[in-house]
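Below you'll find the structures, each written out as structure tokens.
Consider the two complexes below, in which subunit A is the common component and subunit B and subunit C are the respective partners.
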Partner chain A sequence: MNAEARVKETQAEASLIEQFSKLAKDQGGLAAETREKAFADFRSAGLPHRRVEEWHYTDLRAKMREAYAPAEGGRTPEVLPAPVDDGPVLRLFIVDGQYRADLGSSAMPEGVTVSSPREVEVKDSLFPSKDAVIDLNTAFCQGGVVVTVAPGTELTEAIEIVHLVTQPETASYSRNRIEIGAQASVLVIERFEGAASDAAYQTNAASEISVGDKARVNIIKLQDEAKAAQHLDSVSIKVGAEADVHHFTLNAGGDLSRTQMFVEFLGEEAKLGCRGISILGSKQHSDVTLFVDHAVPNCESRELYKSVIDEKARCVFQGKIVVRPDAQKTDGQMMVQSLLLSEEAEVNAKPELEIFADDVQCAHGSTTGDIDEDLLFYLRARGIPEADARKMLILAFLAEAVEETENDRVIALLESKVRALLGAEEYAE
Partner chain B sequence: MAAVQETIDQVKAIDVDQYKYGFVTDIESELAPKGLNEDIIRFISEKKGEPEWMFQWRLDAFKRWQTMIEPSWARVSYPKIDFQELHYYAAPKKKEGLKSLDEVDPEILETYKKLGIPLAEQEILAGVAPENRVAVDAVFDSVSVATTFKEELAKAGVIFCPISEAIRDYPDLVKKYLGSVVPISDNYYATLNSAVFSDGSFVYVPEGVRCPMELSTYFRINEQNTGQFERTLIIADKGAYVSYLEGCTAPQRDENQLHAAVVELVALDDAEIKYSTVQNWYPGDSEGKGGIYNFVTKRGDCRGKNSKIAWTQVETGSAITWKYPSCILRGDNSVGEFYSIAISNGHQQIDSGTKMIHLGKNTSSRIISKGISAGVSENTYRGQVSAHRKATNARNFTQCDSLLIGDKCGAHTVPYIESKNATAVFEHEATTSKISDDQMFYCQARGLDEEEAVALIVNGFVRDVIQQLPMEFAVEAQKLIGISLEGSVG
Partner chain C sequence: MLEIKNLHAHVEGNDILRGIDLTVKPGEIHAIMGPNGSGKSTLSYVLAGKEDYEITEGSITYNGKDMLDLGADERAAAGMFLAFQYPIEIPGVATMTFLKTALNAQRRARGQEDLPTPEFMKLVKEKAKDLNVSPEMLRRPLNVGFSGGEKKRAEILQMALLEPSLCILDETDSGLDIDALRIVSEGVNKLRDPNRAMIVITHYQRLLNHIVPDHVHVLSRGKIVKSGGKELALELEENGYADFIDEEAA
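And then the complex of A and B:
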């Protein structure tokens, strides 16, 4: 039972080994030795499985039956998706794992520079822990984008990074970096979409985001991959002193998706809000894993994740707040709430606290259940058909997470997205 | 207020980091040779006069154990245990033809007297009203040395005896239930226990019987370099009720000692089992040297409809605690409860919690866990609540609160919430905080000194759990809380 079975290589692992041996290792601005090192680390651990605590509920070894070969670069999608809202926007496209300067906004405003990742950036990675998926990203990295926002820049445009896949049965590995200078103010919208809606493909993205002191940052991730896609996204955020950072994940697409976030406070008096909504159906498996490291005193973090799970879908939330020995006066509150809409839906939540300082206020909560029958009855008694009443209650349940982002543009954008996903546009105010 | 005052007195009465039960009983023991192999298992089995099937059962467990590796997922760290350096059997040398309590070695009687455990029946009768009587099974190292009130319990049809006796006298019951809740291959320490367990208590409460008194087992480790592996099996037949108490202490020794127990509870239709533990094994000295490794598997099976199992624990001792008393809510409408106070001070490490596995319809569970860490200790709550597909209308409420005293300790909460049923409603809340300056100021402004104020606030913090303990234990537990936090202020 407890035997640490070092299982033989899976088909996917064998394919990865073969693909790596054929890989042109000097592309994408990365040194061959960096790739070799990352791949060696990956090989020694293999694909993560349920005995790896961080991957307990998402057994990648079992779920990743095949590993598709890295996509070839240079293809241009037939249609580019329209911007997500009507607001001013700077568009950046990453197609099949590579940054395509030719497709996006041609000129950047003052204070914003865009380039491809360079060796130095991947080498001093901001990711704190060893993780097989991040190792794979480093080993196979095809490119990505580096965005820097100069200190003091107040951007009126949102930076929209759109990840597209044009070829079915391929894998794309992009490595992105966003550096936001002190006192800058930025809205980043990151979108993941597949070209064909029924294509099977794999995305392994990694983003490193550093936020300077007193900067105000809003990051919205819209995960709308094709239904058969596998989506793995690793995000690292370093938060400077007195910064105000909001991150929001909207999970809707993909057969398998995992967003793993590593947030660390570098300076005092910073505020962090991590929120998200997952709307799942069919046999989708969606995982949000969050690691918040209160490394310094006097910081505040709020985590709120809501999920609506229908049919045979499975939702995983793992959240860990760590308060280091000297991080006194930390205020951390985590909440995870799930609505199970069908007999076969499943939710696994693991909200964790790890606390080494005594003068702190930390709490977490978790609720799981179906729509409240009493509320449903109340609405139906007032003549609202059951289906509509259910939609209204689901919207109300999700609204809290959206409203807490405290940014009008973000709220409007997320509200319209959520309504569209639930087929509840008619409730728009 | 009276109870608080008592705590304060208790704290004052003893010196810093003095463990009250740390004395050693000087008694001649019979030890099995060090190490673990098939011969040792045969030795234990023969010592116990066990039938062949029992020996085969042990052997099966031993073979499985050899293929397993020690679990490392718990948030505790300790040097590797050399399982070949332990004695797996230690028993006080027996005098021939022991018939009554009077013939138990006076040294042992003296030990239990010092521990405050009455082994002589008349002693209990003298002081306490009859309804407060407690029947005691005293386990000394690897053997049960005395069981009180056996006859009176037998009149009610209740079987209360050492498990070694039950294997001989009630083989059908033992065969039917032993290993049915914690299978022999369950986990590393449970499997080890299945191979080498030496004694423990066996309780069978027949259909419709409300056990006329509290049952209790008192575990004492005395001998050096021994592991204590006791096994407890409690069966409440249809409509039965039993309340069971467990206490434990060990001498102060420099080296670590292993305690790997297995407790199995079975509640059939409409039965109720209440299991309370006050765990006060030697926690090691102020440098973190010595102390007991308490690696225990406790699980209750609500097998019948409308059955109920409640675990209450006060964990103050042991260098390392690794313990998850769990409930399998198999029967429809069954109820599981877990109330815990876990206090860690000095270098103690606790990784404890519970599992509530909802399988039947309309099952409900409640978890109240209060963790207090002081000194340089680590205190982790790890709990799982799961609802299976068919667990319609399962309901759970969990509350875990942690209190930190001092800035060198850690408090951690690791809940696993797994729901596969839309009608299941699970709520979990956890908080971590320290005793606030406001609370301290309020108390001190009213004339309490610092230690009194802390004791008062802590007693308030753990009150929800203390209330669940039987009377006899509640007082002891309250005192223990005072002692465990001794010296942690200022």
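And then the complex of A and C:
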């Protein structure tokens, strides 16, 4: 806190202080002092606002008018969502912030363990920088899941982690950790959904993912929160040498959402793909903030984010690739492309490169446009009604991001998800 | 079947079409020739329903219906088809998905059922073979990476598949090699039918040797300045447009 002391807490900050004072702090496997410290850090900074650079476009202090009290545990949803595809799957459920072993797959295959986070996992945070939202996650952590995949395990099943909220006007804070051993091969599908589609609630999730040397990992995040929900998700990924990691974020739900990712290369010759699609409408505000740290030489990263923004929605993308002085031969390409479907739709794209090494191949770019009228005319001239032609062109615009994941199961599931979101199921090939 | 009366079209401050009158009856083939920039493509776009042009005067009636009220997709469903002078590439749209969507959209607009996929596949394969369009081309995104001539053949494939009642061919011959010209012309001639009319825009007599027109029109600066039989095209090939354009300017 600087000399210019903050005048007054916002209503949400005051609620958080009140809620924290009442919290039973030695539960959920966490020591009280870990929570106390995190909350003290949060309190000194307050909710992030416009003048905090990383949060410039997503003024949480203004947008988070209320802070709901942490949800009570133990509720069981009436129905569990079906898996996203018919491939083999290991299902893990996090309900109202807590891992519910009773709801998911009963047995794990050899090489996979699942537990709840303990003190050690939360305290040794892998997040590289201080962030008020992560501090709140630590302070209020209700549970979550720790998944380990032993070295060399080639999982045929996808690991599906489903975050469900059953109670309106509550907040859920889950802390998750996924440790993937060397040479393992894994697909993780992380879903965020609310039980009632019109419920207002808040999700604050944090996931720390470590990928061992030569592991091959696909992580798909499907953000399908209820329309009025606020979704805050912090993700840290540590990439081992020669690993091949693809992360994909599909943003569709929530009134406010922010996915903040911190990726660091720990070993050479690794490949990373961070991609995503945001499909936004009404007054949605969706933020993807990505920090990629090329800390070692000879790694490759591809970042490609596409958004389709309608009505009064706003999409924020901030991406920073840092290439450290030692990280020679880094190959980093970041692209962000947006399609604006209405006059009032808005995008703020800020791709950045910070390069401290001299022998690198890096580029970034951003494009914003609307649907190409000539393409639209071509399709309509063949008898395709305008609304359908638009859908085809939107799908075409998004296709590249999906195809680049290069994994047949991932491509199929993302394509069908995207088509469903656009009401364009009939354009399946 | 098609009646164009005193058609004026305007774009970005320019009058491009300045009073076109043209009547096309079922079964007829009309060729439209004329210098570069005379408004041939504009006429084809305006017929197909491109929205960039403002129609300041005149009418387009097709099978008794006023076309100016209809969007491009509705005109297509009414039986109009434009084979583009410059077919565009649409990355991310699979050719087969596009063909199926277009065909079924038109069927639905006419109150017909969707064509079952196996029948659709069979139909496409058959027509593609006739036009020497390879299965590999059909697997690509729409027109993407097609050569100029391949694009033109793909246009005619679409036409053969959609079976329109009015075919407007805008310089379909340009960019075609000699063999492709023959294949495409055969494809077009196969579609000749007492109930189907064609408007063939071209610069060269060569195409008209294959697709023999009933009427030839010369378009110059947005107006039809001369109409005649198929011999008019030969005359133009011989003497160029100078005679007619001077006539008009005078």
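We take it that the second predicted complex is superposed on the first by the 422 of 429 C-alpha atoms of A that agree within 3 Å, B and C clash if a C-alpha of one lies under 4 Å from a C-alpha of the other, contacts with A are read in each partner's own complex, and residues count from 1 in each chain.
Simple rule for what comes next: contacts are C-beta pairs under 8 Å (C-beta built on N, C-alpha and C of every residue); 3 or more make two chains touch, one makes a residue touch a chain.
Please read all numbers here as calculations on a predicted model, not as lab measurements.
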More residues of subunit A are touched by which partner: subunit B or subunit C?
-> B
In the overlay, answer first, second, both or neither for which of subunit B and subunit C A:P385 touches.
-> second
For A:F356, select first, second, both or neither according to whether it touches subunit B, subunit C, the two together, or no partner.
-> first
Where does A:D370 make contact in the superposed view: on subunit B (first), on subunit C (second), on both, or on neither?
-> first
Subunit B to subunit A touching residues, read off their complex = 67-71, 73, 185-188, 389, 402, 404-434
Mind listing the subunit A positions that touch subunit C in their complex?
-> 373-375, 377-386, 388-389, 392-393, 395-400, 426-427, 429
Complex contact set, residues of subunit A against subunit B = 1-4, 53, 325, 328, 338, 340-370
Would you tell me which residues of subunit C are touching subunit A in their complex?
-> 48-52, 71-73, 75-77, 81-82, 84, 87-88, 90-94, 96-98, 101-103, 105-106, 109, 141, 158, 162
